[in-house]
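The two complexes that follow have subunit A in common; it is paired with subunit B in the first and with subunit C in the second.
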Partner chain A sequence: MVELGQIALILSFMMATYSTVVGFAGGMLNGRDLAASARWGFYSICPLLMLATASLIYAFVTNDFSVKYVAENSNIAMPKIYAWVAFYSGNAGSLLYIAVAFSLMAGITIRILNSKLPYTSPYALGVMSMVLLFFLAVILFLANPLDRHQIALEDGQGMNPLLIHFGMFIHPPFQMLGLISVALPFSIAIGALLAGRGGRDEWVDQGRLWGMVSWLLLTTGLLLGAWWAYTILGWGGYWAWDPVENSALMPWLAMTAFVHSIMVQKRRGMFRMWNMVLIIVAFAMAQMGMFINRGGPVPSVHSFAESTMGWVFLAVMAVTLFISLVIFIFRFDTLKSRSGLDSIISRESAFLAQNMLFLLIAFITLWGTIFPILSEAVDETTMTIGQPFFNKVNGPLMLLLVFLMGIGPVLPWRKAGWGSINRMLRLPLIVSCLVFLLSLISGIREYWVLISFAICSVSLVTVFQELIRGSRSRHSHGESWGRAFFSLIGANRPRYGGYVVHLSIIMLALGITASSFYDVQKDVVMRPGDSEVLGKYTFKYLEVSEKSYPDRVEEIAKFEVWSGNKNIGYMYPYRAFYPEFQIAATKGAIHSTILEDFYLVPSEFKEDGQAVFRVLVNPLVSWMWAAGPVLILGTLIALSPKNRTQRKRLQLPNVNVDQNPLRISE
Partner chain B sequence: MGLCLNIYPFGLLPFRILGDNGYWISNSGMKNSPYQNIRLSLINSLLMLVLFLNTSCIAANSDLVSQEEDRINKINRVIMCPVCPGESIDQSQNEIASNMRAIVKDLVRQGKTEDEIKDYFIGKYGPVILLEPSTEGISLYVWVVPPIALSFAMIIVALAVALMRKRQKNSSLNMNHDLADEVISDEEKEKYFAVINRISNE
Partner chain C sequence: MLVISAIIISLIPAVLVAYPIIRKIASKSPFPEDESSLKADLERRWESALEGLRHAELEMSVGNVSESDYLWLKQVHMTEAALVLKTLEIPDKEKGCLIKQTSLDSGYEEDN
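== the complex of A and B ==
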């Protein structure tokens, strides 16, 4: 079975080579047949890679420990369902996962691109095949998950127990998919540049579409990762500015800038050059992320897929940047903007400022992440740059972004007169002042929290103001309120979908602010029967029980918890010990309400019956998790195409040629 | 949420302050229009929301844990666990981290200041042990570069804006020139509109 996979891998490598060469040739010679051949060649890669994947998963399911990768990442005790997680839990397997997922997504992209952008599509196909070719080359020559051992082992080493969690079925796939999907808009942009049509804005719609798909995947991956950290890593936090987290955040920042500034090109024909720069930077950041993740030199909690091949990724990043730059300069003349800036106070300049801020945050994040390497190289000083640095530097900049998010969308294109600024921003600013004062009165003294609440309320009010303003004007034309609201959203989906996404960002910002400034944490030592109090929560440690599994021993604590006088039932935080790995994983028990989470996690069970627990009250964390679905909904609204009936309504009535009024008028 | 209005003292506040459209309320007869009520209850809900948040934060903040405990947590968060790279001892589940937490607790109880405790760990493990880089020596650059980058970014934005403004001024001059050549005569316009009217009547 594994051999079949090997053959499929080799075949797919050959097909990728073919479609790279033929794709570019088809573009340059303007040969339709060549392009079609390259395309069909590319389509064939996905099933081949799926076959390879199937053979690897089959090896996991059948415990074929003669396969090196299987032996390293699973064992007999592992539940069979985790074969899927084990598939991408190591370096080689995750590369195969990326390759198969990318071949599928790129195939779909190419299929759509072919009819929409006939000139760009062969070049874009060439770039995509090249990206895929690189991954396949790495898999075949450096890290092949299907390679066999000389001797068959009795049992494997098993999967890292931290990965045995429900979130692992979705967080890594989304995250890796997100990182590699940056290559899609990148390929389209470079393809358009090569085709010499970058300046003609042809690629903008498709670039935006795939940019947003990629953005959605990246965001989902990040949120799922935060959720995983919160529920399984058992320290009550969700983001630690760990190097690998940073490396996933950086492309996200660049992509966020891109999906915004591409709108300026779509609407106004401006920022042509800038969008190219952004998407190239985003792709470079994604490659940087892979470099840091795959045995980059920075220590991280995420070193699951560690290997020495990080440097290959760094080298390829350098090459990509260089080639992109050459193409960029070569096609510089096609990138001039259609129009300039009418006024400094306009939506265009708000977009520009926002873009710059995103890139700045990305740069600072990169700087903090790689500084330890630099300092070691230059000065032989080893150091760690952690949470405090990033919070201090990036926190304020992110708040500034939330503020821009509030005022940017209500500034008109081209030129904002003081009248319209006054009309649009008066209410939000008044409300935000009120919020500031009320927060102050009610006793909040942390000035960052005050500022954050005030800024969030600006953004919140502008969004609602826009929604109400729009539905009101439709309502006044006779539509019922509900109908007016939905037809408003339906009429300009990019805009109102964007507002929904903005709402979710406000929810995130509130959650992050509240939980990072007002979380309460306490370590308590308890014996069974003891009761403790934290805030309004009273919790009684009833007993501890032990449960044995083939791969682990769980010590499960049982708590009875009261919130005020109300009994909220039993909570079962546990600590699992994996003897083969000598690793303990804790699982917190969380009682979540709309306002705060009550979080219990065992730190240590001592011999004498005493146990150490960490208890936390984290305000507004549930808002962050609720923001996820809202964000996805908003993005889907923004992406959804106009439906047929609407499109028809915009068209002129059909006229027969004979009755063609233009002809009659002659 | 509208029902809660009466309970909340602040809920009534914006009724008096803000009217429709964000303008100060006037007796323009629009007071009873349906959307006004929606707008007002919206603002009310918003304010209540904020107050809820505030109370929740404060409830959480009001000395639930002793100041000593607060200090211990704060110190734990800036000291790295030596065997689990990138994680603070506050975060890590490792045994070494929990031992180090115990040391921090002891030192705080002995009345040591934060700096003294940090120095203690630096003496044992070197400056790597701190998660926040110091402001001396080479690590000064970590702190210096972000503000420089910020000013750099602002300069770039300013330059870009100036450049695009200039281009627009030039091009709008040219455009006026081009348009002057292509002015449509009234006669042609009439013909055009006649055709459009006919289509829309059909």
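== the complex of A and C ==
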């Protein structure tokens, strides 16, 4: 089975090479049969890589420790269900996962592109094949998960115990999918540049579609990562500005800017160059993310993904960036905007300002992330930039973004007079001032919290104002309120889907603000029978029990907890020790309500019966996790296709146009 | 067994890439519409102008824009739509009809 997988890998490498060369040739020579051949060649890669994946998973399930990767990432004690997790828990396997996932996504993209953009698709196919070719080359020549040992081992080393958890089934796959999916809109954009057929905006619809898919995957990966850190890693927080976290955040920031500014190009034929720059930057940052993930020189808590091949990714990033910029300069004259800004107070201007902020935060994060390398290069001392720097610099910029998120979508395209501004922003600004004053009266003195609550209320009121006004307008035409609400959303899906996404961002912003400024933390030393108090919570340490498993020993503490006078039951935080790895992992116990989380995590169990616990009360964290499904729902609404009535409405008659007397598109 | 399996899995992609070239499937089918043609560009601009009109109507009906902004936006988008029609080689009568429909249809409530 493993040998079949090896053959499948070699064949997929050959097919990717073929699709790259023949795809570009088909595009340049306008050879439709060549392009079709390249496309079918590309379609064959996904099943081949699935075969390679199946052979690796089969090796895990059958404990075939003659396969190096299987021996390094599993052992006999590992539950069989974790064979899937073990598949991508190491460097070589995760590369294979990325390759198979990308071949599937790119196959679907190419299938759609072939009907929507038939003359651009061979070039986009060429770029996607090149991206896949790179991964397959790395897999085959540098990190082959199907390589065998000379001698079969009796048992493997086992998987990093921190990875044996349900969360591993969802967080890493989404994160890796998100990073590689940036290559889809990138390939479409570069394909359109390479095609260079004189058109300028033909790639915009597909770029937006796949940009949003990529954005959704990146966002889901980030949220799941934060949830994973909070609930599983047991340190009480969800974001530490760790280099690997930053490496996922940077492409997300660039992609968020892109999915907004591509709408300006669609509506106004503006920002053509800017969108190209954004998607190139987003792809470069995704590659930077993979570089940091795979053994980049920056110290990170995500050491399980370490390897020595980070520099290969960095070199390819540099080459990609250079080639993209050369193509960009070569096609510079086709990227001039159709029109200019009519007014500084317009939706276009708000999008531009928001874009600048996104990029600014991305570059500040990049600077903070790579600063240790720069400092070492300059004076041979490694200086690490910590959480306070990022919070202090990025925090206010992010608040400004939330403010723009509130006012931008309600500004009309082209220009807004003072009359329109007054109609749209009067209520949100009045409510915002009221929220500011009420917060002040209720005793809040931290000015960043006051500002944050005021800004979030602007955004929140604008969203609800839009929904209520729109529904009311339809209701006045005789529709029931419920029908008016849903048909409003259905008739304007990108707009109202966007508002739902903005709601989720407000939930995130409130959760981050409250948990950053009002979290309470206490380290306590307790003996069984001791009680302690934190805020309104009283918790009694009842006992500790020990449980042995084949791979670990767990020390489980039992607590009885009261919120005020109300008994909220027992909580069981524990600490697991894995003797084979000499690794200890703690697992917090969380009592979560809509307002706050009570979080208990053991730090140390001493031999004399004493134990050290960290106890936290984190306000509004559950809002952040609730924001995830809201965000996904909003994105799906925005992405859902128009209905038949909308598509059919007022199409242009089918006539031949072979001249351009008005030079209209220039 | 391994050799036979290897030959089979090698043959599948080989057949897939050879088939479109040998049978010339793509070149036998009519040329697809060029996404970069002037007509495609005009269609995009037409859609954009209509979308702008619908958007202006929506903003007006929900009370987001002032009367003067609404009239200005409507004029800008109608001019754009008219410009697109002027470039197309269609009879004047049909152009007039489309412009009239454009104005009527620009409301966002397509079901009403």
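Rule of thumb we're sticking to: the second predicted complex is superposed on the first by the 641 of 666 C-alpha atoms of A that agree within 3 Å, B and C clash if a C-alpha of one lies under 4 Å from a C-alpha of the other, contacts with A are read in each partner's own complex, and residues count from 1 in each chain.
Definition applied: a contact is a pair of C-beta atoms (placed from the backbone, for glycine too) under 8 Å apart; a residue touches a chain by one contact, two chains touch by 3 or more.
Predicted model, so just to flag it, every value in this text is computed and none were measured.
By the touch criterion stated above, A:Glu466 is placed in contact with subunit C alone, subunit B being left untouched. By the document's definition of touching, of the two partners only subunit C reaches A:Leu11; subunit B does not. Look at A:Arg423: by the touch rule set out above, it reaches both subunit B and subunit C.
Residue contacts after overlaying the shared chain place A:Ala195 against subunit C, while subunit B stays out of touching range.
By the touch criterion stated above, A:Gly406 is placed in contact with neither subunit B nor subunit C.
In the superposition on chain A, contact is made by A:Lys415 with subunit C only, not with subunit B. Of the two partner chains, neither subunit B nor subunit C is touched by A:Gly207. Across the superposed pair, subunit B and subunit C both touch subunit A at residues 423, 472, 652-653, 655, 661-662, 665. The part of subunit A that touches subunit C in the complex is made up of residues 3-4, 7-8, 11, 14-15, 18, 22, 32-41, 43-45, 47-48, 51, 115-120, 195, 197-202, 266-269, 410, 412-417, 419-420, 422-424, 466, 469-470, 472-474, 477-478, 487, 491-492, 645-646, 649-650, 652-653, 655-662, 664-665. Those residues of subunit B that touch subunit A in the shared complex are 10, 13-14, 17-18, 21-23, 34-35, 38-39, 42-43, 46-47, 50-61, 64-65, 69, 73, 77-78, 80, 84-88, 90-93, 98, 101, 126-133, 137-139, 141-143, 145-146, 149-150, 153-154, 156-157, 160-161, 164-171, 191, 194-195, 198-199, 202. Residue ranges of subunit C in contact with subunit A, taken from their complex: 2, 5-6, 9-10, 12-13, 16-21, 24-27, 32-46, 48, 50-52, 55-56, 58-59, 61-69, 72-73, 76, 83-84, 86-90, 94, 98, 101-102, 105, 108-112. Residues of subunit A touching subunit B in their complex: 233-235, 237, 240, 242-243, 270, 299-301, 303, 337, 339-342, 344, 349, 352-353, 356-357, 359-360, 363-364, 367-368, 371, 375, 378-379, 381-389, 393, 397, 423, 426-427, 430-431, 434-435, 438-439, 442-444, 449, 453, 457, 460-461, 464-465, 468, 472, 475, 481, 510, 514, 517-523, 534-536, 584-586, 595-596, 603-604, 612, 617, 619-620, 652-653, 655, 661-662, 665.
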